[in-house]
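I have placed the structure first, in the form of structure tokens, so that the comments after it can refer back to it.
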Amino acid sequence: MSEYLMILIGAVFVNNIVLVKILGLCPFMGVSKKLEAAIGMGAATAFVLTLASGASYLIDHYLLVPFDLPYLSTLSFIVVIAGIVQFTEMYIKKTSPVLYQVLGIYLPLITTNCAVLGVPLLIAQNQMEYTLLKALWFGFGSAAGFTLVMVLFAGIRERLEGADVPAIFKGSAIAMITAGLMSLAFMGFAGLTK
Amino acid sequence: MSMLHKFHGGVHPPTHKEQSTRTAIATLPIPAKLVIPFHQHVGNIAKPLVQVGDYVLKGQLIGMPEDGISSAIHASTSGTISEIGMQVVAHASGLPDLCATLLPDGKDEWIPKTGMDFRSAAAADVRQVLRLAGVVGLGGAVFPSDLKLRAGKHKVKTLVLNGAECEPYITCDDMLMRERADEIIKGAEIMRWALEAEQVLVGIEDNKPQAIAAMEQAALASTDDIKVVAVPTLYPGGGAKQLIRVLTGIEVAAGVRSTEKGVQCFNVATAQAIYRAVQFGEPLVSRIVTITGNVREPQNLEVLIGTTVQDVVDYAGSLPDTDGYIMGGPMMGLPLPGATVSIVKAANCIIASSPKIFPAPPPAMPCIRCTRCAEVCPAELQPQDLYWFAKSKEFGKAQEFSLFDCIECGACSYVCPSHIPLVQYYRFAKSEIWSRESEKNSADAARDRFEFREYRIEREKQEKAEKLAAKEKAAAEAKLAAAKLAEAQAATSVTPPPMTEAQAKIQAAIEQAKLQAAAVKPKNTEQLTPQQLAEIAEIEARRAHIHELASTDTEPPNGHDKNQ
Amino acid sequence: MTSQELKDIFYNGLWKQNTGVVQLLGLCPILAVSSTVVNSVSLGLATTLVMTISSATISPIRSAVPNEARIPVFILIIAVLVTIIQFAMNAYVHPLYLVLGIFIPLITTNCIILARIEAFASKQPPLQSAVDGLAMGLGLTAVLAVLGGFREIFGHGTLLSGLDLIFGASAKSLVITVVPDYHGFLLAILPPGAFITLGLLIAAKNYMTLRATENEKKRVIPVTATA
Amino acid sequence: MSAFFSPFISKPDSVSAIMLKVLLALLPGIALYVWYFGPAILVSISLASITAVATEAAMLKLRNRPIAPFLKDNSALLTGWLLALSIPPLAPWWLVVVGTAFSIAIAKHLYGGLGNNPFNPAMIGYAVLIVSFPVQMTHWIGPHGLGEVELSFLQQLQYIFSSVLPEGIKFDAVTMATPLDTLKTQLHLALPVSEILTQPIFGRLAGHGSEMVAVGFLIGGLYLLATRIISWHLPVAYLGTLFAIAGIFHLVDPTHYVEPLFHWFSGAAMLGAFFILTDPISSPTTHKGKLIFAAGAGLITYLIRVYGAFPDGMAFATLLMNICVPLIDAYTQPKVFGKKEGKS
Amino acid sequence: MLSALLVMSGIAIVLGAVLGFAAIKFRVEGNPLVEKIDAILPQTQCGQCNYPGCKPYATAIAAGEADINRCPPGGEEGIQKLADLLGVEFKPFGGETNAPKPKSVAFIDENTCIGCTLCIQACPVDAITGAAKQMHTIISQECTGCELCLAPCPVDCISMELIEENISNWKWKYPVYALKVAK
Amino acid sequence: MRRTLVKAAAHTALNVLFFTLIGTSLLAITYLETKDGIAKSEQEEKLKLISQLLPRSSFDNDIVSDTVKLPADTLLGTRAPSKAYRARLAGQPVGVAMEVIAPDGYSGRIDLLVAVKADGSVAGVRVVTHKETPGLGDYIDIAKNDWISIFGGKRLNDGKDDEWQVKKDGGQFDYMAGATISPRAVIKAVHKAMQYYNLHHDELYANPVVAKLAQEEKK
């Protein structure tokens, strides 16, 4: 039980995928101007990331390892991820136009979100330590960490709309610096899971 | 009496009321000139009934209430109308509005007045009398009182009389209550009767003991259930919603009418005006105005509507270092564009300002989010957030944070350590939002009309094509008999001769028209002649007809029927 | 392809539409591996290679791929290229391979690659696409190099450290110590430093653009006045 | 007319007066600091003040803003003082300068200066320093009578400005770990709390000397509460949460977890509760939001102190909660007049 | 090598099949974006965007064929709103697009008007009344200020008039808030 | 409907398949081409590390292949099996390099390579990976400081265990002020590894592995 808690705390806070591991930054910077959009993107990514962790764990465990093909990991993972994303997009578009309105434009971007490939690769690197459940849990934790910082970041950026930021820093420059200071704050979590 | 309730926040600015309560209410002599605006109430401007040169009697109707929310305007004394035109009025914009200038003849001769016994009349008749008497709220909102006296769907249980007068400097209600308490109480009886309310509560801030005593005395004489209640002195305790909250515990949200919660609120001066209008048939031609601040003798004056501020100030004795005039109190008042503007029904107080009384505020600093403003906001808003959004023109956000619940009381600006003109930002944001709203509405209307037009053109084309087809069919039938002739017929039907005829006429008219164009100045198309109006109506009717057709036979374009 | 076209593409990639400071794509490697110049440039060049080849490859086959399979197929091609480069680096510059670690396979999901393919290569002929990929990649490498330079100087007081990872131990002598006896401002090398430095870099680019447009205006006004 | 719009009157108060009162409120703590640890801290405070004001002026100039009114608002001074109080007094001069300049230039002015910064500038400065220069940031002077060697004020000055110690004295001998640090290190060595606390560095409640400094900040904090410059929500929620969590852990296992009062009076808890979390600009504005903010900070402080990598968690807790402020504010908006549920 | 091919083929076939299946099964028509864009456009219907009206321009934007900075009546604010909606960068007016003009309405000099009806046909929003051979007048509340009626008039009797500030359309101004050093 | 569905699915599938096959083939070919190179690089990397501890001249076997699996053991700090590399000169044991973990570093575990000479003295210690604070605890890394070389030649003296401590705690080892936790962890781990060496001396050198087998092991 406490092991799962540690995995979660580790993935969400201590080794936050965005602020500490520096993965998935493009959507983090790109889709955080509006809170609503950030929540949508976060949710969509969380969904795909969790699913991708599970799927690539299965591929790794039941195909690549038995057939001695670890060198195919990147290739097979990314293809599966792209497939999941594409499928999710089409499915949501059809079944829930409302949700699609919210997530629609972000879904294709998820394929090129480093975090979505990075987490399965990290899981594959630590193959020995993970069971399917733990892999899913780690994937979910990373996704939750992604969503969390994305939403918090969007909150700050919305507030910054009204701030008297110097002209040359308006927009992405100050956003980048804010992300840096957030990352600095997240260093405070260092050591919480040993 | 049940316990008093509290409202959130509030401030205690120094009151400065003692200055102007030292003498009894005096009457300002009839001035040499009155400038009477036709728009002194909320709602539609009154329609002028007089023309330049007309002689009018005191109390004569000179502005007729329009339909809907509107009120009447009267001559404040007898004399001659010397001008009707645009003049600068007491408005924040400093822009001119339609006014009648009246040169008094000094006789101050009333039109024949007929009072009525309201108890034997119908409530609707009493309201009509008030409407034509031009009685509007004198507490600041200048809303037509007859409309506020309509009982409506909800039963009004409590009538609240607002004698709080919470703004610093202002004492006109205080003095009125001291001197004419019985008239106020009688007015309250009329209002209670019209609204069929059960009880009347008069709320007076406890810094006016004399007024409370006088009102209690007068209330004793009434057969109605009228209670005078001393409420704590706390700005803005006189705001209708705050007073209702204090007296009854009921909170009336923004955008909700208090009658829906069974309460109606009137200013005490309004009550007195209602009494005089009903009992004596006297329209609202004067009011009590506090003149205070940087004047020699601060006091209260009974002033004819239309008197210029200069006349009032001169009477009280103007002082040299005066640098401006405020209409209303220092918290919510309006800086006047000059002393030439006239006293209107809303003018409860004129403060002559000087740098000593109202020193220039230090330059505004950024908001430090200290939340003092939130602590004093009677509407329980977060003024610092509203400011943040208004400042950066994020109007949607401002609205989300309940911008329109702000009553512009100014308490937040008063306490702000950064001296930010907060209320000003809210006013700015509100008026931007309103104008956007109306732009959006006209854009929507334009879209409807555009789409409808497309539809109409499409339809006309179709009809033409059908006709053409019919003709061609006929032609084809005739072809057997005379083929060549039929062809010619078909050809002419493609280009209808009237068009070519019209074009020819146009050519002919051009020369003459161009000559005219050079000579004539354009005039305002807004003021349409009856003939043009009829024409528009006719066109509209035609459109309506096509609309009907449209909605029956084909799928109508989006929302076009909103147009009608 | 005209030389003007060529110039435009390069101007676009290196400056106007620079992925790192304007488009804000491909940020993960930019921020994660830019702690030294050597790391930066190596990953930048690897990415450039992938971009150039993938743009050139995808441009001609674009029409053969059904829409719903577009992204999976494109990304597959990219992944193959990346993995090939990964093998090559692993075999020939192993120490560098170890340092760049997971960021080599992650070139696959480097947003800028797919973005350029979608935005440019899928609409242009192979040659132009390849050049565009090259230009964009070089733009990325440039940002990486500058960022790496600043972070290395601030963080360690050196430049070009880690050169030995590529050229063997003898290259250690090439390392430049910019500030001797430096305390090391660690923040610059840590993730927060990466974000903040890139933020400052973006601001610098904004400043230069602003200056350029202001100068432009100054230059234009007299012209119109005489005309 | 003196003002263009109503209201035409305002309460006589100003930002600079508020900030000045906060500076005054720091004085009891600083006085006790000097009493127990010597005057070196005054050097850092002066250094930080000068740097803060100079950076503020330079940034205002660069941003093309009026300099005088903003320099007079005292906020930069306050940032400088608070940062100086979080840095070991014997830290080299450049540490104070770098930290303060970073606070003011990056954490404050890049966001638009006073009133616009989402993060607490002083704590950003502290965080930057502790991750960049952990060695210098963890060597504190001990209170009088505890250290192996005590430097004279002149020697301290010399050390601060030139990093030169008198012949034969090692840096180790003049500094020591703070109480929190000592506790953590020794718990790591599996010593029981009761034994650790018998060492001379600990006093009645927490660290010898430093506990009294905390009392000084508490007194200043009470003054701020009394003058209504800060509201009770933040300190009460912060100290309350810290006390509650520490209490629970202590009750469950007193050999590994010190009692809650130790947490109150060590490290930056008191300073933070009354002076740092309360920074109006980077904390929430709603009452409920303040409670959530401070409770979260209390929890994080405790976790970092007990499980984390840093001896004290105050600064990071503040920054981490700063990140949440816009959302906390947005989701704790009080119901406005007339729109409360349950009331008609 | 063979195992690699087999494994990847397996993955590819499953994936391809699922996607192909989904593409047909979940196909949707129409583009709700156009409506959203159209709601932002000012509906002046002036054609300055080089499209015959606002809706066609909206359709073009949705299809990615037109830039967002081509509608002068919408002003910079309109561009900003479009940028927000579409998640793209703000783009100032420039190039061949006219800068926005202050709001005005058309005005027919009724003494000159010869009743040719040409302006009626030009007005996209039916804001002109009048029958053939009679003088025409403009319903100013309905006029969007598109200027399309100016060109067709053979006697040049239509002119544009600025909408002047009066008490009913007056707005509170942004408070003067001097943060910048006065130059 | 069914028909078109199946057809569409098949079409897409074939398309994807086509590109996959090409891609995978390319990849597989490259893999086969570079496989040996990669293996060689990896081996060299290992060898470089080990030879810092056991001079290359002191052994003549293929040390990277001559390994023995160490089961998880508290003395090694390991929870999963690790490896030991054995150096022999003319078939005679020269020394062994063990993969050891110090679990209680300041910020987590520190992976070490501890080399012991056949005579029971420390040949050398290297930190392979660690997460200690940069600038503070990272002096245990040879890249930052040569503190780690203080272990050279140290032996396990029976009965004098408390010498295996930092000076501050009464031991013989130097440390840097302000960061004692990291060296404590390293010293403790090396100390335990030495104990392990003494206990398992014979097993460590048993069964010399021929190069081929080592290849097997690698998987």
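Per-chain numbering from 1; labels A, B, C, D, E and F assigned in written order.
Heads up, the rule we're going with is that a contact is a pair of C-beta atoms (placed from the backbone, for glycine too) under 8 Å apart; a residue touches a chain by one contact, two chains touch by 3 or more.
Since we're looking at a predicted model, the values are computed, not measured.
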| item | value |
| --- | --- |
| Chain F reached from chain A - shortest hop count over touching chains | 1 |
| Centroid comparison with chain B (C-alpha atoms), farthest chain | F |
| Distance between chain centroids, defined by C-alpha means - chain E, chain F (Å) | 67 |
| Distance between the centres, which are taken as Cα means, of chain B and chain A, whole angstrom | 55 |
| Centroid spacing, where centroids are CA-atom means, of chain D and chain F in whole angstrom | 43 |
| Approximate Å spacing (C-alpha centroids) for the pair chain D, chain E | 54 |
| Per-residue multi-chain contacts in chain D, two or more chains | 4-5, 106, 112-113, 116, 128, 131-133, 309 |
| Contacts with 2+ other chains: residues of chain C | 66, 68-69, 72, 76, 79-80, 83, 87, 184, 186-187, 190, 192, 196 |
| Overlap residues in chain E, where contacts from two or more other chains coincide | 4, 8, 11-12, 15-16, 18-20, 22-23, 25, 175, 178-179 |
| Touching residues on chain C, where the partner in the complex is chain E | 66-69, 72 |
| Residues of chain E that touch chain B when the two form their complex | 38, 41-45, 53-55, 107-114, 116-117, 124-127, 129-134, 137-142, 144, 154-157, 159, 161, 165-167, 169-175, 177-179 |
| Residues on chain C engaged by chain F in the complex (per definition of touch) | 64-66, 68-69, 72-73, 76-77, 79-80, 83-84, 87-88, 90-92, 94-95, 97-98, 184, 186, 189-190 |
| For the chain B and chain A complex, residues of the former touching the latter | 366, 388-389, 391-392, 394 |
| List of chain C residues in touch with chain D within their complex | 183-187, 190, 192, 196 |
